[in-house]
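Pasting the structures here.
After this come two complexes, each holding chain A, first together with chain B and then together with chain C.
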Partner chain A sequence: MMFGFEKGTTQVSLSMPPADVTDIAADSTQAGPRPQPIWERILRRTGRAVIVAFWVMVVAFMLIRLAPGDPVSAALGGEASPETVAALRTQLGLDVDPITQFWKYLWAFTQGDLGSSLLSGVPVTEMLKTNLPVTLWLIAITVTMTMIVSIPLAVFIALVRIPALPYVFRTLTAIGLALPSFLVALLLLYQFGLIWGIAPIFGYEPGFPANLHYLWLPALVNCVVLVPVLSRVLYSSILDTLDEEFVETGVIRGVKSYRFFWFYVLRPSLAPTVVLLSYMMGVMVGSTVILESIFALPGIGRELVTAVSMRDYPVVQGIILVFGVLVVFLSLLGDIVASLLDPRVKLT
Partner chain B sequence: MTLVEAGAADWFDVKGTTPKGKQARRLKDGTIGMIVGGAMLGILLLMGILVPLLSPYESDQSVDMPFMPPSSTFLFGSDGLGRDVFLRVFSSVYLDLGVAFLGVIIPFTLGTIIGIGLAMSRSKKLNAVVGSVIDGINAFPLLVLAIALIAILGPGLQSVVIALSLTNWARYARLSRTRAQVVKQQGYIEAAQTLGYSKPRILFKHLVPNVSSETTAYGLSDLILVILLIASLSFLGLGAQPPTPEWGAMISDGRPTLQMAWWPVVFPGLALCWAGVALSFIAEGVTRRERDVKS
Partner chain C sequence: MSTATVTESPSEVLVEIRDLVIGIQRTRADRLILVDSADFDIRRGEILGLVGESGSGKTMVCRSLIGTLKRRSATIFGGTIMFDGMDLAKIDERRWRSVRGNRIGYVPQSALTGPNPVMTIGGQLVEAVRCNRNRTERDARKRAMELLDLVHIRRPEVVYDQYPFQLSGGMRQRVMIAAALAQDPDIILADEPTTGLDVTVQAEIMKLLREIRTEFNMSVVLVSHDLALIDDVCDRLVVMHGGTCVEVGSVKEVAQNPKHPYTIALNRARIELATPGTQLITIRGNPPGVGEWPSGCRFSERCEFVQDDCRVGASPPLLEVESNHWSACIHAGELGAASE
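Coming up: the complex of A and B.
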């Protein structure tokens, strides 16, 4: 009982003839009609992501125009003369009908033009070149840290089977989900940055090993929320996998333990976790807005908050578009990785 | 596995944490969570009424020296303007929870109507277009969309509610459309049709209750996210404006002086966590019960 099964594996091996075992294994991995080749499914899923990305563009476009209130007078303040308002309207291309505006917006987008800041005149794409890498690194480091902690934790809990652990786990998840990330960030920054002095309070250096020094603490804040949720899902999915017939087959066939563990248990169990991680990262991308403000990181989240307080709405539109596309991309990546890990995952 | 469902359901989905076939025990788990959560929420709501009522001061009145540490007269100390943190924390209860409730109930209603409408309509074009808009909105992190909308609406709690109503409905619409498509094909709907019940009766007595039972469970967990979202927006200076007592705004207020005085930040933060954990336990209990009823 090396893996702490509830079912007696020896019993199963006695009652099941070898021929059936292979049948069942084939059955459970290829349920339903024959799956398409993997590249075809990935292509199809990518195509769908591109369509969603298009609608993301539409939403980013409509949002600014359909919202109650007028962005131009909001940007200029109450005292602006009608001439100034009209001039800005023309400059922003708001004086033509929405359909023409949309085509212009799409055309400019294909030319790599997302408009320019109202205040500084800097093109939004230029701002993204310096700001986007910061946010992407933060996401990458968060994912890495979460996986490094969650996978061993979940495996340990699934294999050790202490009766009280699920309850502790459930309570921790409930608490983790209810913790405001800005509060966690403030307190960690206070403790690590000011009291212990092992993390910088502000500043940033681009480039990989250098930025790690500035990003590990914000990534840790995300981990406080992500680790309980993810290890809990991975844990229950390992338990589900252990119930599957191919695991029994593996035990019966006497697969060597590390191979057994990776190919038969962990690999299929990771698939739902990866899908959830990519979804959670979508949520976390939102919280980078707050983290970047607190840790004074020059990412696109902080840029968004600045642009909002300045009412610099071409920048707002450009940045939310990038955020939307980023989330679409993350979920695409999550689905593809999940389907590579477990071919039974359906790419819709 | 759709993403929204993965996010909404899997947080509370711990298959295998309890042995299969022990229905009674699972029901008990859910109940305990709901009792604990309900008690925590009840205490908070009660304090929210009692503290402002019994306190001799006003929430924006200076009652003491600035930055006095917690003492027996002022349990949570005083903030940078000498205001009673204890009173301010509990004065915020109904504001924070009330705005969050509005920010959930409006999108919930809108989303359910749109979702069921889409599932009922026979027009493929309408379904494709609205469905794509829903996907487009859902692709954005809620916080990012809300911030962008506040850029136009201007800061304030009213804008927060409008921003939430304009964006969050899409999540409910998607959930209720999927659910309505399943419910529509159930035997009991067919039975009701065979019995010759009127369309409104089938819609309101059979379809809507069955669709909304699922969205309600999601709505509860969404309420937690919305509470955190409102506090986050206020923290960024986009929601509640000073001197309104609001947890996020209070934390933001106390942030520059955190090194000198921790109490104006930690106590509102604890209240926020308290509310979140209470609702989290209730949501988990409801979700588990829902599952038990269905299985």
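Coming up: the complex of A and C.
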């Protein structure tokens, strides 16, 4: 299946040595091997994340330098004298070859220094300290809202057997899926912000309960895309689960309804949804760039747009690195949660 | 070979199924009948085989004995299932809770999807042990260990904390049998319990079921379409075709002296009797589809001994043609000569 989630792919006694029929204790009575402890698998995944982060650094460093123009021409324009240009290049450390620049950058990175903005002189780490929380909050609120809407919705559609309901559900989710998020953002901003005046059009206030006021609408925009995907996946995986035989076993055992709902319906169905959500969040990290620009949120996404147009190399590199780490971390988190929910999911 | 000794002196009848009709209510006026006039007994301590092609209704009959027809949106429209003074065809969900799991155990079809994948073996067994009963956690754990031991699982303390995906198919099915035994039921229903298991494991599971039958004097209802398997482990046999029981009798009787053309045809089509190099013998035609049953005998379209009176009227009922041997063929008396 997709996303490395292997449901029910289990090899049954294929590797069995030929056994005498009369020997009852041959194989089907032996305990299987113990799995690796979970922390060991988490450690291995973290190790791989570090390698990914390194390559993200390399690619970000190269890509921004491959783009036409550089910070000097962006700052001085085309009219500056060659002497001024040369002086600025030396000052910014751009007069040496890119490989040397990279090693310098990497060395500074190991000291916890991501360089400073070429334009404002503010250290990138400082900039991330103020801007990253905005983006992280946006992601956190998006995940929470998506789960709060998707899970009950999918459960309701799957368990309440109203014949027309699944069709309505499929149609509406298809529409939700087809809408581009920047359009949804503009429409919702117009409706909620301008017409109804219940959401701020721009601005931000740090700190948890206060920022909710500014972040709920952008998070809602994300939900319009995420909820259809997730509720559909969860819906179909609940239907699959209900068809499985162990559900009948639960009925026969007379398992209490709340226990039944959790252990026999929801938990066996959740893993694909959780894994998918974590991957979708990786995609959403990219879309925060658009959302933060539209909603004028001081997150790292909007910062990235400015930095790219000004060829502010250290800022671009820093933010792309953070994005990369974020994507890897989110998918690791998704896999861990999925494997805690469903032991069949392997953390590889 | 078959242990037909139990049937020599008919023992206590545990369950009496009479004229059972099962179907799906599609609209208010439209009923799709899946099983009609299922008619047989389950006796104490016997292994009863329920055989038939797909769509013959054997699974539905099995589900009606455990009260989970509703899950398949089917209902009982008529007939009785008498068990210990109760009519299982009519009791409500609340009464069912005291019967299913407690008095009638169930071993699911597939070893792969039978156990709950997100619960440990121990957790599931404890659940089965505590089924509608007040037992302390420690008590239940002790009983669960006993059960694992009973089904010959080595190192039960290791298996207890494992998840189903860590076990082989055979072991999973052993665990499911252990769970079915949890409440010391009178009857165990096993709906094709060896689907997806290889032949050696299949034999082990069958051996286990027989052992359990002998040890606890339980009845086992074994649903299968594997005649060789039924021969080996069952005492009596119910042959189903097109939603009806066509022949009921001891395995020995039915194998040596079949009294229904369908059983005769089944016996002849057995793969282990085939002569190498010759074409395999099959039963002509397809089993009649649900809702497309012909009038008269439902096997009439495929029967090689068919006569004109076979095709008229209602589906013929089971008649005792010999002592403890029933057939639904109206020409059962003439078959002996014809099948030679």
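A few points about this structure:
Please note the rule applied: the second predicted complex is superposed on the first by the 260 of 348 C-alpha atoms of A that agree within 3 Å, B and C clash if a C-alpha of one lies under 4 Å from a C-alpha of the other, contacts with A are read in each partner's own complex, and residues count from 1 in each chain.
Here, a contact is a pair of C-beta atoms (placed from the backbone, for glycine too) under 8 Å apart; a residue touches a chain by one contact, two chains touch by 3 or more.
Predicted, not measured: the structure shown is a model, and the values here were computed from it.
Contact with chain B, but none with chain C, is seen for A:Leu304 once the two complexes are overlaid on the shared chain. In the superposition on chain A, no contact is made by A:Pro314 with either chain B or chain C. Judged by the touch definition given at the top, the superposed model places A:Leu341 against chain C, while chain B stays out of reach. When the shared chain is aligned, chain C comes close enough to touch A:Val251, but chain B does not.
Residue contacts after overlaying the shared chain place A:Pro218 against neither chain B nor chain C. When the two structures are aligned on the shared chain, A:Ser236 is found in touch with chain B, with no touch to chain C.
The touching residues of chain A, when paired with chain B in their complex, are 6, 51-53, 55-56, 58-59, 63-64, 67-69, 71, 74, 166, 169-170, 173-175, 177-183, 186-187, 190, 194, 229, 232-233, 235-237, 239-240, 243, 272, 275-276, 278-280, 282-283, 285-287, 289-290, 293, 304-305, 307-309, 311, 313, 316-317, 320, 323-324, 327-328, 331, 345-346, 348. Residues 8, 10, 12-13, 16, 18-19, 21, 24-35, 244-255, 263-264, 267-268, 341-344 of chain A are the ones touching chain C in the complex. Put simply, chain B touches chain A in their complex at residues 1-3, 6-7, 10-11, 13-19, 33, 132-133, 135-137, 139-145, 147-154, 162, 166, 221, 224, 228, 231-232, 235-238, 248, 251, 255, 258-259, 262, 265-266, 269, 272-273, 275-277, 279-281, 284. Chain C contributes residues 66, 68, 71, 97, 100-101, 106, 108-119, 124, 127-128, 131-132, 152-155, 158-159, 162-163, 165-171, 173-174, 176, 179, 196-198, 200-201, 203-205, 207-208 to its touches with chain A in the complex.
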